[in-house]
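The following pair of complexes shares a single chain, chain A, combined with chain B in the former and chain C in the latter.
Presenting the complex of A and B:
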């Protein structure tokens, strides 16, 4: 099979999973693994290694803009983002009834409140609100998070009927180290040669990885990486941009396509940030729970959902990311009513603009259907950089 | 002597326009310019066909930079893409060096763009989604009236008592036209009424930005002498508080403004990026 064909096959596989609103991939996994269970998690960061070590399938619940919202709107006011509406819709329509547990990370108040609703709506399901450490003292934060992880480890083991031994957890950590490594490779290739890795394709692959388990994801990601490295694509004269602010509610695929078609190469982003929340490998020596806790506290990506102890940290963040990605500009693309992203935006943008970095900003919802305004903004932004900037 | 050859491809909603230009030490020269109506054909086929004609007419063996604009983002052999208002602003300055603004009136929408003398876009405004100010609407009306496109402008100039029609909604405007026909209103007066309705919209668009003294008209409607006259009359009637009304500047090559702008910006990018492999070579 040619490299182009391999690449197309992987993208088609990923696209099928992304578009399937019935979570068939999860159901098929459960059918193929009798006696095993599935555990969902919401954005942004949940310790997938612990879920996997309990023998469960980690299932990323990211909502969807393609589902008609009938029940979801009844749970939320109009000034709340779209993500919880589609998640409630998924749950209330029975599409998530194959899950035995769901983890709700402390991303924002909306997700915290959603965990409470879940407990009331689904009293038989294991529901856990994960309080991620938000402290300046790493030692204190690591100990707090280790204890939290111990509780999750014990309780998911109980739900799954499995004792999550150190050996099992270490194996899962090793597997997820491989997942993180290949994601880093894919992101590095895209940053170096964005014409070889269109963000539309990369995003679909990452999105499929949220539903198929690490083993299947690794297989497909390796196939794609090998094909993308050598399947030469035409180099276009485009502006290199970073997209930031889309770490929780996800933009519609059409928006990602629109930005690239309008003349931009996306060379870094924070879509589905949970899959690369830990920036390095988690240590395989010593106590594995401690290793996971240390990895988060000392090696988490800089993001709006974690406390930033350095007063200048957020102001310098975009400058550092732009330098690392050799980007020409930043597009702040946050979901409407996303508190963490929109509260951070002024600081991030101010820091970027003071560093002379061209920026634009807009808001989207996962169900945004009209892309003309985004096309205009991204197109004129790209033109202004190419014709009047340094690119 | 430094020679660069670029192509600009403007994919509009009604037609594809291709321009091939040669730059000798930065001085531009148009080698060929060809357009073709899409008429329900596959856009990729039309682009390939017009590109083949334009390159054959230019006689070049290779093109350094192929720049697209309009709906041309997906053309596989393009080097880069520029947004429509960027290219129309630059193309306008090429055809009319004194232009301070562009009214790009095409098949599906219209936009007003104000630019500086370098072609940098300063501000812009677009019509909303309604089709009543568009070339497609005018074409539909002409078809109902049994008038060819070339006849629209000259007939409109002959009007003596123009009939007002809806400037907000294409559906209402079409109903107005049907009523006018049944009342025996002359074709000239109907067409002039439509031109007045459209020019009213365009003038409002232009007045919402600082358009300056010379408004260049681009897009498919730029060749409609009736519309140009109606727009001139609209501005004259406004009696602007500061100075005389702006000059409306159509050009015989107005329809190529976007493609020209793309080709010119393509040369700029080619120069900025440094020598690269040709984007297109003769088979």
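Presenting the complex of A and C:
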């Protein structure tokens, strides 16, 4: 098979999973693994290693703009973001019945409160709110988070009927280190040669990775990476941009395509940020829970959902990311009513603009259907950078 | 009310003089505030939410919010934050007209609200001062887990106290703290007595519109102070007198003695049209007998008191017990208990656009409480300090139709009673 054909096949596979609103991949996994269970998690960061070590399938629940909202709107006022509506819709329509547990990380108060709604709506499901350590002192934070992880480890083991031994957890950590490594490689390749890795494709692959388990994801990601590395594509004259603010509610695929087609190469983003939340490998030596805790406390990505202890941290963040990705500009793309992204934006944007980085900002919803306005904004942005960028 | 006004005015004046007197200034939040600890170091607390709501009440928030939005703050986020940032950008003149001093320390007590974290990250951009973070774990399973309590105590010991020692130049004095906590308990007892006086018919207080004044001192700078104790003693006396005389609270346009409806309210009030909002209730003869908003700075009526014997542990319990740090199940249980204990006719939710901490999930709270109690629930939407989101006609309409529903239920109830 040609490289292009391999890529297309992987992308088609991923796209099928992304488009499917019935979570068939999860159901098939459960059928193929009798006696095993599935555990969902909401954005942004949840310790998938622990879920996996309990023998469960980690299932990312990211909402969708493609599902018709019939029941979800009855749960939310108009001034709350769209993501919890589609998630409630999935849940209330029985599409998430195959889950035995769901983890709700402390991303924001909407997800926090959704954990309480879930406890009431699905009393038979194991629900845990995961308070990520928000403390400037790494020793205190690690100690706290280690204990939280121990609770989840014990409880998921109980739900799965498995003792989550150190050996099991270490194996899962090793596997997820591989997942992280390949994602880093894919992101690095896209940054280096964005024409080889269109973001639309990378995004679909990442989305599929949220539902199929790490083993299946690794296989497909490796195939894709190998093919993409040498599948030479035409280099176009486009502006290199970073997208930021889309770490929780996801933009519709059409929006990602629109930005690229409007003359931009996306060279860094925070879509599905949970899969890159830990920036390095998790240590395989010593106590595995401690290793996971340390990895979060000492090596988490800079994000709106964690406290920034460095007073200059917010100001410098975009400057550093732009330098690392050799980007020409930043697009702040936040979901409407998204507190973390929108409250952070003035600080990030101010820092970027003071560093002379061109920026634009817009809001979207996962179900935005009209892209004309985004096309115009991104197109003008790209053109102006090309025209004036070196002036 | 007069006493409170004087206390507040004096506090703001003292704040204005702080740069000369050298009293260190600590900005912190209402839920999970460590006032006794702050004061035990001779520091003065500033509560930005209080500034924002006062600005709302005094008609200044519209301009402040516009100023913040002009500086890139989104129309979608909490208006308290924008009101505060706008006030800072406009010269930081506090609601009483005095200049607010810069903080020497931002004490980010992260209790029950995500936005707090961003708020102080944003303020830190304005001031060159340290920020200390106190992470208060949420009661996700409806309890304060012992390890969470320990985590809070460690943070207070290892992070908060050293930060206060540094800015004040004083050593931590546990005895001084205990003395303050003893004063807190006295005020807390009196406050609970006042809030529970609403169990009487007629109620001598309005436990929402009136209670926001009553909780003011204890939720802000005056817990653990002799002035705070004196205020609550005086308040208790005043309420006792009304109770003895069979009188109701004094609404903006006069006393509300003829109380047709007893309601429980969930959610914060609107501040820009506060008096108008209250009067809409009073005009219908509706008195609020219990509210959750008056518990954001502590759920004292559920038994919590600061414990001077365990000064740091008790502060952990206090922080974790504030209303918005409770999960939805606890919040629903509280509302059901209020409806029962205060013999209410029904409950209303004022859902504010600003606040995901309160608002996300309120429609489900509405249905659950109705289901469990069989009492009618109503839903109103407004905002805290953004006047653009207060539609008087709409709210009045909703309130009237809600009360008609209560009336209809009553009629149905008495028909059923007659039939049985």
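Assume the second predicted complex is superposed on the first by the 390 of 391 C-alpha atoms of A that agree within 3 Å, B and C clash if a C-alpha of one lies under 4 Å from a C-alpha of the other, contacts with A are read in each partner's own complex, and residues count from 1 in each chain.
Convention: a residue touches a chain if its C-beta (ideal position, glycine included) is under 8 Å from a C-beta of that chain, and two chains touch if they have at least 3 such contacts.
It should be emphasised that the depicted structure is a prediction, and the values quoted were computed from it without experimental measurement.
Contacts of A:262 after superposition: chain B is touched, whereas chain C is not reached.
In the superposition on chain A, A:119 makes contact with chain C only, while chain B stays out of contact range.
Once chain A of one complex is fitted onto chain A of the other, the partner contacts of A:238 are limited to chain B, with no touch recorded for chain C.
By the touch criterion defined above, A:388 lies against chain B but remains apart from chain C after alignment on the C-alpha atoms of chain A.
In the superposition on chain A, A:79 makes contact with chain C only, while chain B stays out of contact range. Greater residue coverage of chain A by touch, when chain B is weighed against chain C, goes to C. By the touch criterion defined above, A:314 lies against chain C but remains apart from chain B after alignment on the C-alpha atoms of chain A. Residues 74-77, 79-80, 84, 104, 106, 108-110, 112-117, 119-120, 128-129, 131, 133-137, 140, 143-144, 147, 304, 307-309, 311, 314-315, 334, 336-340, 342-347, 349-350, 363 of chain A are the ones touching chain C in the complex.
Here chain A touches chain B in the complex through residues 234, 236-238, 261-263, 376, 379-380, 382-383, 386-388, going by the rule given at the top. Those residues of chain C whose C-beta lies close enough to touch chain A in the complex are 71-74, 76-78, 81, 108, 110, 113-115, 117-119, 121-122, 124-125, 131-133, 135, 137-138, 140-141, 147, 151, 154-155, 158-159, 327-329, 331-332, 351, 353, 356-357, 359-364, 368, 381. The part of chain B that touches chain A in the complex is made up of residues 65, 73-74, 76-83, 85-86, 120-121, 265, 268-269, 273.
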